[in-house]
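So, here come the structures, one by one.
Both complexes below contain chain A, partnered by chain B and then by chain C.
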Partner chain A sequence: MRTVSSAERAKSIEVLTQEIETQEAFVEFVSGVEDPAVQLQVPNLKSMLALTKKVRQVVKDDEPFVYSWFVLGPEIYHAMDLFWDSGPRAEFGTFLALSVPEYLEQVLKDCDRVAVSSDICTLHRLALSAIEMKRSPKPWAAVACIHPCDGVSQAQSAVERAWPDVPMFWMDSPYYPDERGVKFFAGQMRRMAKFLEEHTGKRLDLDKLRDVCNATNEQYALWGEFDALKRNRPCPVGSWAGYGIWNMMQNNPLTFGQPITTQYIKSLITDAEEKVAAGKGHLENEKVRVLFMDIAPVWFAEFAEMLEQECNGVVVVEGQGGSYAYTPIDTSTEESMFMGIARRNCMETPMIRTSRGPVDIIINDMIRNVLDYKIDVVIAPGHMGHKDMQASLKIIRDACETVGAKLLNFQYDLFDNRYMPMEEIRRIVTQFIDAMSEEKLI
Partner chain B sequence: MNILENYGNNENPKTAGEVIRHFREACYAAATKELLEWRDGGGKVVGYYCSYVPEELVTAAGAVSVRLRARTNPTTDAGDTYYGNLTCSYIRHSWDLAIKQKYDFIDGVIVPTACDSVRRIHDNWSRYLPTFSHQLVVPRRNHEESRKYFREELVLLKNTLERNLGTTISDERLREAIRLHNRTRQLLRKLYELRKQKTPPISGADTLAVVVAGTGMPKEKYNALLEVLVAGLEKAPGLREPRARLMVVGSCLDDPSYLDVVEAQGGLVVCDSLCFGSRIFAADVEENTSDLLDALVQQQIACRPQCPHVSPFPPRAEYVEGLIKDYNVDGVICERMQMCDNWGMESYLLTNSVKLSAPILTVDREYFSAATGQLSTRVQAFLESMEGAAR
Partner chain C sequence: MEYLDSCIREIEAYIWALASSGRQVREWKPNARSVPGPMNHESNQLVLARDTAVELGRSNVGSCFGVLWTSSSELVEDGRIRLVGPDLGELIGQSVAFCQVLILQGQDIPVTDNSFLIASSSMTDGLPGVMSRISRSGIWCRISYASIDLGLCFAALGRKELDNWRSRIPAIERAEVLFLTSGADDLVPLQGISALAEGVIRSQQIEKGRQRGYDLTCSLASCAGCEHISACAAITKSVERENMKPAKREEGTGR
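== the complex of A and B ==
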């Protein structure tokens, strides 16, 4: 039987309040920046702040909620009217707070206290630390994320041990991106829905499921439209301009499938279309187009600024982009919806798509991106936690050669700059791009 | 002295001591004498990584299965072009051998999806090497759907073996192979039973050599040697009363000399939870069933103890605790290869989330251990702390 002591609840409220205050200060600052490109990001930043507030409210009111990941059927939680908090919320969602160096330092110090080997992905160590520090409050039920990598799968065992009185649902994940795999995962999601009904008292509403599938289908199509605009040279938007789309569409339960998200994507499209029509790029003199084969690092703003100012470069495509072909969910029957949700969550979402299965997916995506988006430099495989990518080094290099892109391979930590300081990243990237430019290779 | 100086000279080991010496030498050879004889006689050989591969299918296909290791190769110069240095060293040493075509005694390879590094061996092998490679998808859970999925995987593996080895795997041949492998498992369990004695007749390092050697030779020959070994040890006196009875838990450890360092401090390794150890022979495959593939699935995913790839954690912790009791263990050493996410989290869990009835020491290592001094010191301190606690 799940129990939450008043001390635990008070601790969660305290740390979430601290996080909210940090986020509020940052949102206020960003809202005052006059740059129109920055202003376009404000709705996303505000939604992240609203999410942290909602998590705090849920704790205060002791409302049922589930701990899960954005790749485990948020469509289903939505159709059950079930709020979900996630491991990534405590990391990605706190980007706002993490943008404040003092706060980031504190979070990393907390992370260091978790006695897990430092060669295991920092994301998972952060998730465990968030649980220990009560930044991730104790849920009513949990759904274990078992893909795409060993790190996340093993971390779920630690999550289970940290919350021994919380019922946890474990699903399995297929390897190949085929119909057999989709069917397998759809079966797991059906069992998950039943488990959640049993442990939260909520019911799956198929009409609501259909509605959210339709809404997100439209949003995925818009996301594709936005990304297609980045094929233009010069690129009309700056590095990671689409990060907010991912966050609002997949990672934030408050904006998931909501009209605010549709509006947000449309505003980005309008801005990009206007620039393309005017023949304008984000950079006046764009020279280098980068494919960053990872999810967004906490240091993405610094990196983007460095790339722009020192190399006239822009990250055109990154690991969270919608440049993948998301398949619209067929909403005609319950079966077709579960199949579509399984396909989207297991075969198409960022990281899960690329890291879960055979290397061909990584390579095919990379080649397509390099060709479609006219990429000069590919940065991969970098993050210290991505062991499957580290094991794909030669294959990636060969594929780059095939399509004439230059591969920059170095290691960093997406979440912890103590692993590879920004100054060192700056030196590596600028030296590489300078050398390639001098040799007229890019 | 070169451990392989006289390897193969002892044509027919007749005593337990000779068998142990033969197995120890075999651990450090590129391929065992028995495997090369099989190969020279025109026999097929299929390599595999990781214990989730049901060797019975290879045997039923008329070939010999050999678990690929890299004890002869202290370098990774060629392999490092393919694998970044955040990949565990076992994979880099092994792939280095593969890409240098030093695994020239195999006709193909089976690569399970047991971890993020090993699964990419298949992606690399199928691109850069001429022999066949088959990816065996191993589920992460022991659900009904997962077992069904794994059974389908075994059908695919069976088809690959039949196609590449030009043979048919009949039920009859598969049942015969299962009987043969069950015999191996029974003999190894008999060997481990002897280690429950107050003064076991065999060291942990030698036992590891016995298990490792068995993964690289035809099972008929191996079983014959095991029979000699077990019969000899049943009559042999115990080695000594150890300073402490130890258990080793962890990732793929195929180096008996690593345990020599541990045991040189006065402790004796009396049992293990290793994939070159008890986990691979703890449960037999059901022979008397009409669905033999399902029997293989049950043995691999449901019946035998798992590594962290197949969650959940509690049964693994219970298995360790059960061994502590059964073998009267004083202390547990959890060894883990650096960069291994599976065992990195497991060592955290074993240390922090359960209360085992014996103290635990966690040690990181590389495939080729240079830091033997450090290991000695840590084991020494561990033994002293146990003795201090007992006083």
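== the complex of A and C ==
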């Protein structure tokens, strides 16, 4: 039987309130910046703030919610009218950590103490530390993500130990991205839906499921249009400009499948189209186009600024982009919807797509991106937790040579700059790009 | 190289069935049309929404893209371009479902490296006013008003694409292409054939792996003689033991 003490609840609310205050200040500041490119990102920032407030309200009112991940069927949670919370989100206190050095230091110290191996991905250790330190509110039920890496399954076992009274569904996944695998994962989704019905009292509404699938199908098509505009040289938008699309489309339950997200993507498309038509790029003198083969690091803003100012470079494609990978969900029957949702979540979402199955997927993604977006430099595979990518380094390097891109490989931590300080990243990247430019290799 | 022959024959049968049911099927012979407009245009060009006369295969209306290959010359009519449904000039202002299938013949077509991927990314290089992108689920194209005004049609598009594939993959001896614009319902069987082809290719990869001494998958059809049988039995026992415990947690099939 799940029990939540008043002290636990108070601890969660305290951190969430601090995070809300920090986010509010940030949104207020950004709203006042006159740069139109910055203004375009305000809806995404506001939606993140609204989400943190929603988490706090759910905790205060003790409403049913599930602990899960964006790759485990948010379509289904939406159709059940079930709020879902994810570890590496508000409880981590992202804005707080980025704004208050003492808080970040404490979070990372907590992270070092969690009951898992220190060499698994820091994202999972951060999520786990939020649970162990009682910052993360205890859910009514949890869906365990045990793919794509061994690190996540290790972390999930620790989550189970930290929340022994929370019923947990262990979502198994296939290896190959074929129809047999999709069918298997669709079966897992059905079992998960039943489990959630049992433990939260919510019911799956198939009409609502169809509606959200149709809405997201349209959003994925729009995402493809936005991505297509980045093929232009010069790139009309800055580094990680599409991150907000991913965040609103996949990671935020309040904007998932909602008109606000459709409108947001359309506004980005309109802005990029105008720039392409006018022959304007994000940079006046774009020289280097980068494919960053990983999810967005917490230091992305610093990295983007360095790349722009010191190398005239822009990250055109990054790990959370790649809209080409998505298949529309066939909403004609219940079976076709579950198959489509399974395909999208297990075979197409970022990281899960590339790290769960054969290396062909990484290579195909990379070659397509290099050719379609005229990439000069590929940065991969460097995150300390992404050992599957590191194991594929030779194959990635060979593929880069085939398509004429230069590969930069160095080690870093997407979430913890103690592993590789920004100054060192700056030195490695600028030296590499300078050397390639001097030799006229890019 | 014969393992996709049955898929190629299925496509032939399907086109015949479509024609028999009244669909318009056009066919152009080799060298029937030249490509209009200036060549050597920068690759991967963009066609903005405002300049788009025809949109093919947007993901919300459906698309299918496939490349099949064979060593049998009788299965491929070199240079043939076929179109099921309206041509570009008849689709102005519309966004329609779209299918494109290339059928290649040659004795030494490199099917295991990245040649197909690279060739498909450069299909419309040199065709101004045409933007295409291959995705995992299909193909999305935009055709500009300007290119339609210049006379672009599927005959010209097909010719250009066949030329591009030949120039990228010299081992191609014969090549033909099929386009379909007659509607989303007509697309479905082709998507099925495409999925079937993927399955056949996968089977071939598994077989090649076995020949090299490693097993890429387990069919679960027969365990007799498998060297991993004792490990599988131990895992199965462990899962069964776990399932006997009082259910504190629900599980998928893996733990």
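What we mean here is this: the second predicted complex is superposed on the first by the 424 of 442 C-alpha atoms of A that agree within 3 Å, B and C clash if a C-alpha of one lies under 4 Å from a C-alpha of the other, contacts with A are read in each partner's own complex, and residues count from 1 in each chain.
As a convention for this text, contacts are C-beta pairs under 8 Å (C-beta built on N, C-alpha and C of every residue); 3 or more make two chains touch, one makes a residue touch a chain.
Worth saying up front: this structure is predicted, and the values here are computed from it rather than measured.
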| item | value |
| --- | --- |
| Clash or fit (per the criteria above) of chain B with chain C on chain A | clash |
| Which superposed partner A:Asp372 touches (first chain B, second chain C, both, neither) | second |
| Which of chain B and chain C A:Ser117 touches, first, second, both or neither | first |
| A:Ile146 touches, of chain B and chain C: first, second, both or neither? | both |
| First, second, both or neither for A:Phe169, with chain B first and chain C second | second |
| Partner chain in contact with A:Lys387 - chain B first, chain C second, else both or neither | first |
| Partner chain in contact with A:Ala155 - chain B first, chain C second, else both or neither | first |
| First (chain B), second (chain C), both or neither touched by A:Gln188 | both |
| Partner chain(s) touched by A:Phe256 [first = chain B, second = chain C, both, neither] | neither |
| Partner chain in contact with A:Trp246 - chain B first, chain C second, else both or neither | neither |
| Overlapping segment of chain B (options 292-300, 346-354, 364-372 or 382-390) - the one that collides with chain C in the superposed model | 292-300 |
| Chain A positions touched by chain B in one structure and by chain C in the second | 146, 160, 170-173, 176, 184, 188 |
| Complex contacts: residues of chain C adjacent to chain A | 44, 46, 48-50, 58-60, 62, 114, 117-118, 121-122, 131, 133-137, 140, 195, 198-199, 202, 217, 248-255 |
| Interface residues, chain A side, partner chain C - complex | 146, 160, 164, 167-173, 176, 178-179, 184, 188, 191, 195, 217-218, 220-221, 224-225, 228-229, 231-232, 269, 273, 276-277, 324-328, 348, 363-364, 367-368, 371-374, 399, 402-403 |
| Contact set on chain A toward chain B in their complex | 114-117, 119-121, 124, 144, 146, 149-151, 153-158, 160-162, 170-176, 180, 184, 187-188, 355, 358-360, 381, 384-385, 387-395, 409, 411 |
| Residues of chain B touching chain A in the complex | 81-87, 91, 113, 115-117, 119-124, 127-128, 135, 137, 139-141, 143, 145-146, 149, 152, 308-309, 311-313, 336, 338-339, 341-342, 344-349, 351-354, 364 |
